[in-house]
Structure formats: C-alpha cells, structure tokens
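Letters A, B, C, D, E and F name the chains as they come in the text, with residue numbers starting at 1 for each one.
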C-alpha cells in the first residue's frame, strides 16, 4: 500500500516523532511504500540538525535522518511552520538574512501543497498528533 | 519587589513566552526588579535567533531580545533542556561537534541551579506554563 | 496568607479547575488569562467560588471576542497582574 | 467501511473519548498507543464499546509498566499497527 | 445507516478544529491547510468541536494580543471553495455560546449533532485533527 | 485552619507532577529540577496528581520505547535529600491503581486527600507544575 505520514508534535513535548519513526520503519519492513513524510506545526522541530540529547536518551532526530537516507524517503518540512519556529535551510537563512541554518540535509522545505498532494496520492495518511 | 520569571512553553505551541514578555515589561514599568528570567522545557525554543515569522505576526523572539538589551535582564536558558531540543551557543555547538549555533546572544546557557537560586533569592517566581 | 491564583486553561480542563477549587480560600484572588478568560462566558465560576475576587486579563478577553456584561469579573491590565502578584502573600499558577 | 481508530491520549481526556465513542461503529478496530494504553488499566473501555476489537501497542504498554491480565485487549507490534491500517478501509487518528 | 450501507466519499479531507484560538498556532495552521486544500481543488470540510468552537466567535480583536485575526481567514475560506463549515451543537451549548449572540454571522455554518458528525466522518477520505 | 492562622513555610519548592511519563519530557525534566533542588540544599516536596500518578507505577520498562527509566530517578530522590513524595489518593482511585499492586514499593509515599493537599500548598513558598 501507499502510505503517507504526518508528524505534528515536537520530540520532547510529545511522542509523535518517535511513534511515527517506528511506524514508518515497520511499514517499510512490511514492504509498503512510504509516499511522503510531512512535518507540520511543532513537528518541524524534529528536522533540526542541532539537537544533542544525552547519551542515555534515544536520539529521535538522528534516527529519522538515518531512516531517510536508508530508504531515500521523501521527508518534507512545512516551510511556513518551520520559518516561524526557527528551522531553516541555507537558502531560507540567506533570504531572511539570518546568521545560520539548522535543517538537516535529509529534509526539504516546501509548502502545504505537498501535504495535500500526499493525501490525494496515498491510500492512507497516518497522523501522529501531539 | 524582586521577581523571577519561568517560561515553559514554546512560542507557537503556547502563549507562555508572549504572556511572560508582557508581564516582565509591566513589572519593569512598575519599578520592580526582575532578578532572572529562566527558560525551561519547550520554553527554550523562545531563545533561538533563527525564527523568521511572517511580517503580520508579532515577533515574540525579537521582543524578548530587545527587552533583555534594554534592561540588561539576566535571561538564562536551561543548558540540558536546550541541548536536547537543538538550541545551542557557539561553545556548546563546538563541544558537540555540530555545524552551527542558534542561541540569541541575549541569552546565556546554564544549569537548573540558576532556577533554584532565582527561587531562593526572589520574592515571587511567576511561572508561565504550557 | 492571601494568595493570587492564575488560571490559563479553558473550562474544558475540568480536573485542573477542580484542583484549583480544592486549594483556593476565601480572601484569595483569581486572575484568568490566556484561555482561562473563557470562564467569563459561563456562570459556573461564580457558583463554585465564593468570596474570591475574579479578574480577567483585558487583552486576552478582547482578543477572543468575549463580551463582559453584568459579570462579577473585573478586567485587569498586565500592570494590575503585577500588582496582584505583589499585594498577595503568595502566588500559584495553574496551567 | 470498517475503520481503524487510534487513540494516544489517557482516559483523563474525557471529551476526546466521547467524540471517539460517538464515531466508532461495531466492526471497527481500536488501537491504543502512547498514553492511550492507560485504558488497559480500567474496565471502563469494555463497558463503553461493544463489538470492537481493541489492541494496545506492546512497547508503549511495557514502557509504562501496565499489567495485561485477563483483559480483552490484544497486544500489537508496530507491524500489527501497519497491518491494521491496511486491512481496514479507513483510518481515524484521535489525539 | 448500518455498517454495510455503501458510503460516498464527498471530501478528500476533513479538518477537525478542537482547540481555542490565539493561545497556540493550532487554529491558524489548521486554516492554512484548509486554504491550501482549496487552492489545489481538493474537497475540504471543516468541523469545529469542543474548544474549537471558540474560533467562531464574533468580535474577536486579536490586535490586543498582537495576533493575526482569525475571522479574516475564516471569511476567506469560501473564496477558496471551502464551503462546508460544520459545528457540533453540543460544544456550543456546553460553553453557553448562542449562535445569534456570539457567533460570526458572516459564516455559513451547519449545526450538527453526534449522529450527523458520524456521517461527516464517513463521507471523508482522511481526517486530520488540530 | 482558618484564613488567618499562621502558616510555616516548610518547603522552598513544591513540584506538582500532573502528566503521564514517556509521552513527553515533562516528568523527566520535573524530576531533574527536584534533584537540582536537593543538590542545592533546598527543601523540595513533590506532589503526584492526576495522570502524574502513572509515574509511580512499578515494573516500568521504558527500554521497550527506548527511553530513560523514570523509576531510577525516583529512587535517587532520597539520596539528594528529597523525601516528601505526596500522592493524591483520589487520582489513584479514579485510575484503578492500587498502591500494593501497582505502585513502586521502594518509594516512601504519603497518600493525601484534598484537605492535606491544601495544607501542602500552604507550607510551600513556590509551586511549579509540570
């Protein structure tokens, strides 16, 4: 089946990013297609490459990056939600004249059309809310 | 009176950082001393210098930076909570071998002892929860 | 020791309100802010807490379009909020 | 159209549960995950929803130390969760 | 309707709004998604329930809290072809909200009971809660 | 006790834990603060109430969800001089939790009713909810 995933909560304020990770992993292991993973609202915080969790805590950020690379997942971060919350790639950072950028390279910034399209193209949209 | 402020919520997931800003402003206008402002849990997201909210939205991040400068407030961001969530200064960024840093210069990273001490030294600790 | 209580969650958060009700005392003050100002729409509040002066943060009330008519709730500015913090011996924030 | 419902909030979120109860139908499936697994501690669930097979996500149950004894709730892996998503015609996530 | 009766899918996306406005970006970002859906010619329905019904109040003046006016976004929905705005009656009743007295008269709202809400879910391919 | 009776402040800080563990960092970061308070010789009391009582369950095995074990942090509290762990009885009762059957036996817990909780608030200089 063709599945898309929507993540709405930030890693330490909810389990959304973690549950979505485990679900996506299981879906891929079961041979399903993951059409797109979309990060919206506080879920965009999962796409930063700056978090440094303590050694004894599971690193959800890194795990998403690894999973994306392994399966070449289409991981999209909502550009408007991310800009508001300080998650930017190099291009956006320059455009807003900001001193740095922090979007992990495994994610791409794009608009809500990508979520709308994922819903239209997928058999199911699975939402991990906060 | 000697007041300290605790901010626990992220700017777009709660009104905590905004309400705390207005309260702190009013307290200073009324001649009170703000001993310390402490950012904990998802409140640390208020201390990033990367957010770029749309023009028609109030910029809570910038407003905190301006208020800190105007009154030389002691604004402390919990170092452990911030590291987990990807809010780092230059020193922490280097220590964790990360590609960038995003803590606004108006905030300093420190431990929970600073919150404990603020509570001991202040007449009131005003918490803005999420 | 008269205490200022602040409440920033809507009436839907029943358990939080019950905790507040069990802790607040006659002579205490209650300040509603953020989504707490939705209590102004309901009479529930006055029936549950007696001998408590209730304030609602003006800017949060106006933002949400809440009509304040014939209500026992007084509107407060952030300056009033600060004054209430200092006038009362103690402070408890409910959220 | 049989539907998979997922619920990730604890029983304290009464209004959310009521919405779910009003929407779920005999023949649907309910999967509890995250704090939703706390429903396994209470009998409340079985009395309220009939002819619904209830699953609880195993890892979330174990993490929280919830004993599963003589319960009508079945433990599910993430793979089961994926299968349930696909076996049912529709999906509604409650949070 | 019995469990076996055939159901027509009338909506690509049902957006459920369950949170009060202004204290978080939930309402704002949910309406952004509704507008995006309309832009891409998707059939979108909105359901206001629980604290989400507060979003419909007339005379909102968010300038006081330096926020964007939600009413404008709500009024814009119909220009994007989003015309199904459903409200759960009981949620209004519980909150002492009277449609004639408290609710934005410009909106073409449908008051639904629990039974009709079940039907709305049935008629929607995907449901996302905000 | 009447409103005028004198009250002794026995605690510098009362930490109220009202959220379930593991779905967010609330519990973890609240206990971090309690340990910090103990380290700095502050008098700290904890009150577990509502979903916060789930933090006290025995046989938690967060390895399954790749998380840090909360029980270890709870057991460590006494080493830091934090000995007042109060639990609201009604919250246990409502959740069908039985102290002998479900609750960590190593913890020295005090079961409190609503009246005694009021007294605990009275005896505390500051209250922070998590």
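Going forward, a contact is a pair of C-beta atoms (placed from the backbone, for glycine too) under 8 Å apart; a residue touches a chain by one contact, two chains touch by 3 or more.
What you see is a predicted model; the values in this text were computed from it and never measured.
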item: Mutual neighbours - chains that touch chain A and chain B alike; value: E, F
item: Chain separated most widely from chain E, comparing mean CA positions; value: F
item: Of all other chains, the one whose Cα centre sits farthest from chain B; value: D
item: Selected pair, greater C-beta contact count between D-E and A-D; value: A-D
item: Superposition of chain C upon chain D: rotation angle, C-alpha, nearest 5 degrees; value: 180
item: Cα-centroid distance, chain E relative to chain F, in whole angstrom; value: 39
item: Between chain D and chain F, centroid-to-centroid distance (C-alpha), Å; value: 28
item: Centre-to-centre distance between chain C and chain B (centres being mean Cα positions), rounded to whole Å; value: 25
item: Shared-contact residues (touching 2 or more other chains) in chain E; value: 22-23, 25, 50, 65, 67, 125-126, 129
item: Junction residues of chain B, two or more chains touched; value: 12-13, 15, 41, 57, 80-81, 84, 124-125, 127, 129-130
item: Touching two or more other chains - residues of chain D; value: 8, 12, 15, 34, 59, 91, 93, 95
item: Touching pairs among all chains present in the structure; value: A-B, A-D, A-E, A-F, B-C, B-E, B-F, C-D, C-E, C-F, D-E, D-F
item: Complex contact set, residues of chain D against chain C; value: 12, 14-15
item: Footprint of chain F on chain B - complex, ascending; value: 6, 40-41, 80-81, 84, 111-113, 115-117, 119-120, 124-125, 127, 129
item: Complex contact set, residues of chain F against chain A; value: 22-25, 65-68
item: Contact footprint of chain F on chain A as seen in their complex; value: 12-15, 18, 56-58
item: Residues of chain E touching chain C in the complex; value: 20-23, 50-51, 54, 57-65, 67, 95-97, 102
